[in-house]
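Shared chain: chain A. Partners: chain B in the first complex, chain C in the second.
Let's turn to the complex of A and B:
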């Protein structure tokens, strides 16, 4: 009797567990699903929000219009996010190496500065930052000397800003990772004749791959999704990253463009999903270490 | 190959403004091709000494010379040394071949084929030729140990430094690697400094052993000398398994008295005792168990615990007046049958007795041993 009770108790528990899991899946996927079906409806009010359109009510016009409206922004975002991500991850890893594996004075105060950098609210630096790129280092004028349009300069400023604000968190992530490295291994490399530089290149860097996946995904998503810096430092126009035209998508039309907004959101989010898929395995490995 | 000289080497660490002396005025001359074992309890400064030789720690004071050249300020890479670490410290992302060629690539101008040749001959020596393309994670502990050694010998350095290289191996493999290391060092004839806390390794492997305690060098001697003629009470207690038994005694006329002992000493021995406050030391192996008291050197005791080891027994003995738990050990033949609670007699032969100054710990009288000449030869 007790055995069957225990058995039914266990199966009841796992049933409940699966029910909760299914509910959570629905909860997370419902907005995406609703967005997806809305983006392919000719008349968004024809059926309930989460139901797909009738075959006659299907349209791909929102998608083509969204892609057309966002194509330039997508390219700009790639030009922005790829170098900004790679640079902040690489510089963060170098900084972490210098602050963790090497031994020198004043490491701690400098590390404190880095940590403090993580907590700087972006809103607080918006005005000084835009002044900096406008007056102190006027990048949009500077690129004019080599015959480039002003928006290229704005984009360069935006890239450097993201690199600067991304380095602290990347440094911290790499530092946690490097702290677990076997100190004797680094010493062995020093005795083997490797210099500080070759130790980084031949030992530290190859062993950092999982953590690079973590920082690349994290930083890419951060930079890609940023609207605040993009709006203030570049603004609408030829250099605008995708988040800027996305925020205006649909609003400029006479109707309330739910369909095109939903399609636009998917178009804009696609690259981050691709990055997750590409680096996902490495990411899991990096997070678990 | 080179002579390695430590001249008044001192290391101070700074701990929140307080100075900690890790190594104090250590002077050791290590001959070309010699195998020197640095031994001591943990925290005694042996690893720090080794790391100073390697250049991983700065030297606070004194001079370090390799082949007559002062290397205090030289970077590790410029000292022509190779080190084997306790954790093996292999590069996990490289194959065995890459691990072993890394040092040659970084520190020499050898061509690729010359490097390959040297790596292959080193792997032959270590018997790991079939592992060349494996990564460290695919190797057993013993194999990793061999790779770590191979990585050191492929460099063909002037000096090998080894920091407890066998302590991560199981007992059987450790004994096997011990002999193998000795044979290897003899073949290569490279000056070697070997750090361990294991006195068996110290006794069996070293040409000479240097015993450190609290940053102070206690004695540098051949293993047999350290065993039979320890410089002080610390060395006497550290070298030898089980440890030497000590009794606090005072010289009173013709005898030393204390700790329940009343032990007569001969004139020869007494002449060497220049103080009254003494410690009497006797190795467990030198104590005999007999049936009856026949002379003043026989002491009636009670058997407390017997540890049978097969070939020998460690018998814990208690003097009649000493409190429970306060025992001394006799190491006797495994076929000697004694039981807990037996009343028995321990014979402490005078020729095997050591005396130490109780305050300074300095040895005043060491046991007699016949083959003193033999020991001197190996110096």
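Let's turn to the complex of A and C:
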């Protein structure tokens, strides 16, 4: 008797647990779901915002318009995010190797300077940064000498800025990984006469592949999602990454504009959503380190 | 250019080291000297990134600090001969600054605390040995992978006064409709709620890692002692999540300081909704719309000081605990 009571108590408890978990799923997905159904409604006010349109009220026009408005931005964002991500990951791995696997005094204070760099509010460096690319190294003028438009130069400046400010977090990610490496293995390679460079190329880099996955995914998402740097260093125009036109999309259209706004939000977020769905575990590892 | 120079120096140093490699066995003997073999060998790896990062972060902050001591505005070139703290005094006499400062603190505290609470509760639920744990976790963390610009678009629609889902849901229990974004006394709360939606998944992931690090015996021991589940979590588990709480709250607070992207996207302009102006938005507006560069630089430095107050004790704590 008591056993069945305990059992039913347990199953009641587990039912409640799953009910709460499913409610949380609804909570986290509701804004996305509402956005999705709104983006395919001819009249966004025809049905309640969380209900899909009636078959007759379906349209793909918001998506077509959003893709047209954001296509250039998507291309720019790819040109921006891919090299910026790869470069900062590489530099982060190098820095972490020199500050972790190679062992010397005073490396921890240097490391602290790297890590503190993660938490810098960009507002504290924004004016010098824009001045730097405008007058110290005027990239948008420099690219003119090789016949490229000024916005290409702006984009190059933006890429290098993201690389520089991405180094601290990439260094930390690789540092935590390299810290757990087996020292005997590296010592053995050293006794065999391997140079520091050989150890990095032949041992550390191949073993870093999982951490490169984590870092690349994290950093790609960060660079892709950024608005502030894009706004200040490139601004609206031919070189603007996708977040810039998205922040203006449909703003002048009030309620009617929400169809294109929601479609645009999905278009701009699609690369990060795809990366997240494919590599969710690596993303989770990146954020929790 | 300096990065190139550093890379060149690095190559030079490495070449020397290769030549010295014959005496590799002595590496440990020189270990305690200031310039050990390991040190010279390490230079080409960490020095180039360090120079790039150092100039971009610390060089720029220093430049910004000096700029904040001038009184540059409009299209003047800054006069670095005449330095004073006038802009800081101006800030504390400026009601717009005081308002933004108050909003920054309110956002910081409310967002961080609530995010931690929600994250902890969700983490404890996910930690109950549930099925499909991975799927649940992935869904809860999904909003964090999205750009502030994207989530701002979604929440603008959710908060729409006439047709938004939030007011429809509240209408079922007879409340509202409220003007979430347009009402200066509601907008900050609405922003905090949206940000909690976006980042509580992050707090959950950090807490989950913390929970997994606690040995199972402790859960069992507490249960044998007859502690109820709630008391066990409060007395036994929570104190052990101190490390997770500290690191999650530092990251969340810094996120809150950076909420510029979200607020900008709510209006698509440098003027965020009335009642939600924070230091991050005010600084960018002063710098690139009003063109008061020295004033903006001073606000930037104060934001940096705020971040430093949060981060420095954390780094020290990590250092002492041997976590770095």
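Basically, the second predicted complex is superposed on the first by the 269 of 289 C-alpha atoms of A that agree within 3 Å, B and C clash if a C-alpha of one lies under 4 Å from a C-alpha of the other, contacts with A are read in each partner's own complex, and residues count from 1 in each chain.
Criterion: contacts are C-beta pairs under 8 Å (C-beta built on N, C-alpha and C of every residue); 3 or more make two chains touch, one makes a residue touch a chain.
In this text the structure is predicted, and so the values were computed from the model without any measurement.
Undergrad: In the superposed arrangement, does A:184 touch chain B (first), chain C (second), both or neither?
TA: Only chain B; A:184 stays clear of chain C.
Undergrad: Figure out whether A:198 sits in contact with chain B (first) or chain C (second), or with both, or with neither.
TA: first
Undergrad: Mind working out whether A:207 is in touch with chain B, chain C, both or neither, as first, second, both or neither?
TA: So A:207 only meets chain B here.
Undergrad: Under the stated touch criterion, name the partner, chain B or chain C, that contacts more residues in chain A.
TA: Greater contact footprint in residues on chain A: C.
Undergrad: Identify the partner contact of A:105: answer first if only chain B is touched, second if only chain C is, both if each is, neither if none is.
TA: Touch partner of A:105: chain C, not chain B.
Undergrad: Using the superposition on chain A described above, determine whether A:231 touches chain B (first), chain C (second), both, or neither.
TA: Second partner only, chain C.
Undergrad: Let me check the overlay on chain A: which residues of chain A are in contact with chain B and also with chain C?
TA: 190, 193, 195
Undergrad: Could you pull out which chain C residues touch chain A in their complex?
TA: 14, 17-18, 21, 24, 27, 31-32, 34, 36, 38-39, 41-50, 52-61, 63-64, 67, 122, 125-126, 128, 130, 134, 136-158, 160, 162-165, 168, 197, 201-202, 205-206, 209, 250, 254, 257-258, 260-261, 264-265, 267-268, 279-280, 283-284, 287-288, 293, 296-297, 299-301, 303-304, 306-307, 310-312, 315, 319, 324
Undergrad: State the interface residues of chain A toward chain C in the complex, per the touch definition above.
TA: These residues of chain A touch chain C: 17-18, 20-21, 24-25, 27-32, 34-35, 38, 44-45, 48-50, 91-92, 94-95, 97-99, 102-105, 107-108, 110-117, 119-129, 131-132, 161, 163-165, 167-168, 171, 190, 193, 195-197, 200, 221, 224-228, 231-232, 243, 246-249, 251, 255, 258, 261-262, 264-265, 268-269, 272-273, 275-276, 280-281, 283-284, 287-288.
Undergrad: Could you please specify the touching residues of chain B with respect to chain A in the complex?
TA: Touch residues, chain B against chain A: 54-56, 75-77, 81-83, 85-87, 89-93, 102-103, 106-108, 151, 155.
Undergrad: Quick one: which bits of chain A touch chain B in the complex? Just the residue numbers, please.
TA: 182, 184-185, 187-195, 198, 202-203, 206-207
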